[in-house]
Structures are given as structure tokens and as C-alpha cells.
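Note that the chains are named A, B and C in the order they appear, and that numbering of residues resets to 1 at the start of each chain.
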């Protein structure tokens, strides 16, 4: 069968990826530059017997997808900066009550209303730490339209399997980028949530199973459990007993550790002998890739490390590479968020150079290349 | 049949707010008026909330003076609710009065809360059969149930109107036409049906026996055979001593102990009205074998 | 659970007994409202497995946890948003939202009006106790003027919300109000709400005896619940009393009934039509 190519926009790829992953519920609220995801979903979902609803606000759309997910349907929402801020409350709820859901955040310039039609990468830390009260979650940062499709599918797989909110984070450039890619016949594994199948009498909705992921009770199956945002014990009911709280929280955090190999995803380019390493995500990584390749042609020992799963950060893989690296270059479209993470992870002797743009323009390969060149000269 | 005579005919319609007492009396009054009779209709309503008491005196004849009926001179007493009917029984003419009552039981939950301890029980424990033996002519029926079967529980008053029509000397056609004037246009047909159901019922009742049959439901659920049948189940651990049940009990048979838990003084005083159970915010009280049905 | 009408109602069948006694203060009206809900559920023979309770934050939000059903205790003000998702994704479930005056009129006001507008089948039971009880008695959107609360120490000066008028104006299919004192009528109203095919909103006038009552010297629990009688006015049977003469009386009963298409069914029909026209092409 010949492969059919099509021109696809990043936001549409996100919507199609969700459909391919089995998403059957979308609730959203119009916001630039992510509205195309909602628009495409409103077309696609009815074809797949799914439900699309435009809610009254960002908070409600986040609430609605959690309601649908608790009802047993794969659900997602999409938003951008200001809307993402509003969603944080319920993202925290999803993390605490361990409800699978996918949130796409197409980053735009900020703070506040900022530059709605201009790209930025300034929500990298908010995506990880946006909701109050330390909570675990997964953040995926795709770097191309094709990857938006694939990573949205993977976001659903991780979300359903690990019972956690997963944020698909990319910037306005990728969101509105149209690329030619083959999609036909792409078969994707649809991950089915682990449903409770034991006796309702003894069932504990947050029991500590061997894989640390408790099976989820589906309403109507006879389990009649309680779901709450309050810190809860294994039976799902609120507790403030210090021992129980620690045990419950520890299981929730440990499940990410246990499944790290599945969660982890990154790309390396010429990292084997790299002396200067570029570390960045999303659209900046595309520019970086070009810069690294050009630098290699010029004889500079440059490499690229691009986390695809940004949070939890692929620390082990990064630490293996970083031992030989003298300088890390961090291009990012914010005032320096990833460079903070580099400061944490790099040995003291490693120099960290940042390229920051906050003017609503993407970082060009040229800028990265010239920095690589100047680093190599020294 | 009570012949229209020189002396005014006295009809008393009683019930609780919302049942349609006023409609029954309006129909009768209008009918009498159209026949050229003098009519006086006096009623108490307006103060009545849903569940409160409503009554209507209708006196008609060639000449009527007093607006209300003296005790013992009611020719036909129509009760839309059983307890209301019993309350007005002393007004019934002991020699030739006719008592028509729905066996429906609507307990006004808070109407009787100020009764003194030890006073008589609110609800008579006689069965309808016993009551009907005591009156010159008596008919008790489950009009509410019949109305429900018909499809609209609100037509129970029209069923009773149908029965009332058999005791007075007017033509069926006149009754029907007057009834049409007062019911909502959409329910004209339904009310006519209800009217005839009432008439049919009484014809059968007269043919078969002196005393109308009483539904089994009524016998079983409305009255305990004797006091003490009510089981008052209490969960002390759940009780927080808010005092609501103690103050609300119409029989005053509950008490708060020094450790702020409720106890029942004498289970024999309990009528099983369920007010304590309903208003317990802590679900500490459970009543078994109730005597109330709404 | 089917065929439970033949069984006499016992509230213990519907409670998570190991959590009892509940955490509500002595005399709190929320307990009575909960009984009314459970009795309505019993009389309509709704299976506990199919019953989904979504509640928010506050005293009202905690009430749901005592029900032996699928219970979801979500974020402050958002139960209607969660319930919208749940009811749309799972039309087979009987979704009941338990919310409070602060939860649904203040922080969740937007969700309330839009839930009314959308008319998706669910029942919203708002327990109105005029105060934020859980946080210690602050003024809420329904705190009457001149009432004392911890954030209105000299008496509240803000006007109050009439939640039922709001819901009606926003287009709710079924709007009702009842006081906890009238538990049987409350139960009957809840039955109507549960049977209504669309969004039904029921305001339950409940008492906060320990915090609001004490601060405003409204008397003991029995006194407070009895006082509900003097401020209510049943409206189900039409104009028993002319309103102009009793302007301060709160109407109770069924206050509005707008027959409008139910959202979930409309959505599914709409989708089916779309698919059909596509096939023809």
C-alpha cells in the first residue's frame, strides 16, 4: 500500500492523535493559539461516537474532562497560557485523585494575556509546578507536527496506564506549523485503563498494587467508591493520619519512579563525543539540531540533547552524557527556565550558556551556531 | 335522597389545603343558584398552607338566614381527608345525616405539635367500617386511589362530588354542566369521568352492602391495631443531641438525657408519625411499622 | 437494588455506615436534606450502582461521602462542571450534584448559569445555609442583610442572591425550593427533580445552627427549624395568597417549569443527523 501524505497543522495533528489514541470526550474553551484543536475535535468526535462540548470557561472544561474520565471515557482538553493557569486547580485534582486525562498547552507569550499570536516556551516550569501542593505529573514536549501526533497518542497511553494527568506542551510555532507527513494506515495501540475486576466488598480504590497503579473502579460496575481531592487512604476516604498520608503519597510518587523507563523519552544527536551540548525542547530544538549539524561540519564537537518527556526529566540519560561535556548551551524562548534545571543537574565544572528570547520570535539556528562557534574558539 | 324542602339543606365540605374543597363547594353553590335557590357559602381558607385544614359550609333553600351550619344539622358531610371528616362528625345530623369520606390520610406534620402530653390521640383508631356503623348513612372510599388510577390524583374531589350528587335532588346534566365551568378547560373530560366514577361507586356500594368496602391498604397501614405496635429504633452513637426531635414530637414522648442523647419516655405514646425520624439530621431514629401514609 | 420499593425505606441501606456518625454539627439541616434525597432515590427505585453523586467543597460537599453510591468530591465550585462531563460521557448514570450557596453561587456561579442554560439531565441540590460554615462562618452570597458573620462583624450590607430566580432566568428546566422542615415535601420535590428530563435545580433552605445561628442569636436548633415555617410560602398549588401582602415570604414548591429539549439527547440526535447526511453524500 502506498503511503498517503497529507499537509497537517500541528494543532490538527494533536486532535487526530487524540482520536487515534481512543479519546472520546473533549471539553474546551476558545483560546488562541490552541482553538484549532477544539475545532478539529468538534468535527472528528461525532464521527467516532464521541462527545465534544464547549464549556463556559477553562476551569469548567478541565472539570468536564475529569468528570468524563471518571465515568470511564478517555478525555482531553486544550488551552494556552491564560487558560492553562485557570486549569491548574483541576490539574492538581487529577494528580491527587489519580484521574487519567490529557491537556494540550500551546504556549504563547506572557505574562498575563501577553502575546496571543506569538510563540514562547515560558510555561515549562508552570506545566510541572503549576498547581499547588507538590504533585507528580508528566509533561511531554514534542518537536514536530509528526511528533505532536505520536506524542499525543503516547500521552494517552501513559495517562491511562499510569493514572495521571499528562500535559502535551508545545509552542505557537509548532501549533500553527503545517508539515507534510504520512498518516494513513497508522495503527496505534489504544491503551485500555486497568479496570477494577475484583469483588466490590474487598475492593480498595487506592490499594498498593505491585505496579503501584491501583485499578480504577468504573461507575455502574458496582464498586460505589469515593473519589476526593482530599488526601485519602487506600479506601479512598479522607485521612489526616500522618502515617497513612505518607504511605499514600509515597505510592503516588513512587509509581512514576517505577515506570520511569516507559515515561522517559528523549532524542540525542551526536552526543557520544560532544564537548558542547545543546539542551532544549520543542521548536528551539529544531533550530538547535540544524546548528549542531552545521557545527559538526565545521569540526566543532557539538551535540544535542532533547527531552521529549520533559517532566520527569530524563536525568539518568542526561547524566551519562554530561560527564564529558564542558559547556551546555540552553536556547529557550523564556528568561531561563531550562537553564535552572541544568544548573541543578550539571557538575560544577560545566559551563552553562543561555540563549533567551522573549520577543515572540523563535530562536534561529544562526544564533545557536554563533554561540557554539564562540564557545569552541575559547 | 334529601328532598329540597322548606328548611335549608346543609352541606359541609371539609379537607386540607390543596385538595379542592373549594371547588366542590363552588360547584354546588353555583348549581343551587342556577336553580333559583338562595345559597350561603362560608368557608375558611387562605390561612391554610398545604396540609392545613379547610372547610366550607353550603346552605341552600328557598330562604337561608345563617351563613354557618349549627352542630348536628349537617345533612351531607363530604370529607376529602379522613381525619378532617372525623373532626367534623359532631356536626352531622344524628338522625338522617350522610357522611361521605375519602379514606385518604394526609398528616399535617406540624399542625399538632403543641398538644399537651397525655391528651387524646389525634387520630381515631376506629376503622372506617366502625365509623360508618355510627352514622346514619356512611360511605368511605379510597377516592385518592381511584383518582390515581384514573390518571390524575387531583380528581379525587370530583369523585366525591359524584357521590355527593347522588344525595341531592339535582339532575346529572346540571351537575355536569356546572362542573365544567369550574375545572380547567383541559381537564373537563377527565373530571366528567371522575364524576361518573363516583356515581358508579356509590351505586355498587348501595347494591352490595350497607357499608362500603374499605381498601385493604387502609386497614393495614393506617392504624395499628393497638398502641405499642410502633418500634422506635435508636442509634445512640449517631445522636448529637440537637433536641429537634424532642421539641417536634407531637406526643411529647421524647426526652434528652443528661448526656445529650434522646430517649423515649413511653413507647405506647408514640403514634409513629415519623416526625422525629424525618427531622433527625443524624439519622439516629428509625420508625418501624408506621401508621402514616401520605 | 431493583424492586426495593417493596422494602420499607431504611436510610441505613443507603449510608456508608462505617463513616457514621457524620461530621455535621448538631442540628445541621444538611442531614435532613440528605435523608430526603436518599428517600427519593429509594422511592424511585434508582440503583445505588447507577447513582453518581458529585459534590463540591464546604459542608455541603462533604455530605456526599456518606452516601453508598459512586461519590465524587471535587474542587470548590466545580461540581457542575465535573457532572456535565460525567453525565455527557455516561448518560446511563443518574447524576446528582450536591452543592452549597457559596459553592454554586459564588465561586461556581458561572457553572450554575451555564448548566441551567444547557439543560443537561442532572439534579442540582443546593443546600443554602446562608454562610460558609466549614471555614468558620463567613458571609456568603445568600447571607441576609444585617446578619452577622465573621467577615461582616457589623452586619452584612451586601444584597443577596435569589438562586431560584437566577436559575429560572438562566433557563433551568425545573426550579424548586423547599425548607428542611418540610422533609416530606422536600422528598417529593426531589423525586420530581430526579424524574425530570433535563436540568433540575432545587434550593434547600437549610440551617447552620452552630455557627450562623449562634452568631446571630437565632435560637436553638428546634427553634431555628421551626422559624423556617414563618418565612416560607408553598406555591405548588397556585395563588393561595396574594403576594403583595406578604412580600418577605419565600416561595417554596415548584417555582418554574420550562419544557426544553434535554442537551445530551439533542447532542446525540444532532450527531446522528450529521452522520446520516454525510453518508448520503
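Quick notes
One rule holds for everything that comes next: a residue touches a chain if its C-beta (ideal position, glycine included) is under 8 Å from a C-beta of that chain, and two chains touch if they have at least 3 such contacts.
This is a predicted model, so every value here is computed, not measured.
Among the remaining chains, A is positioned farthest from chain C, on the basis of C-alpha centroids. Of all chains displayed, C has the C-alpha centre closest to the centre of the whole protein C-alpha set. Distance between chain centres (mean CA atoms), chain B to chain C: 33 Å.
Each chain gets one centre point, the mean of its Cα atoms, and the points for chain A and chain B are 69 Å apart. Between the Cα centres of chain A and chain C there is a gap of 38 Å.
On the side of chain C, the complex with chain B involves touching residues 8, 10-12, 15, 20-22, 24-32, 35, 180-185, 209, 220-223, 225-226, 229, 233-234, 236-237, 240-241, 253. Across the complex, chain B meets chain C through its residues 17-18, 46, 48-50, 109-110, 237-244, 246-248, 278-284, 286, 288, 294.
Chain contact summary for the complex, chain C toward chain A: residues 16, 19, 48-50, 52, 54, 65, 68-75, 78, 80-90, 92-93, 110-111, 113-114, 267, 271, 274-275.
Residue ranges on chain A touching chain C, taken from their complex, read 24-25, 27, 46-47, 49, 51, 53, 55-57, 59-73, 75, 89-90, 93, 217, 219-230, 237-238.
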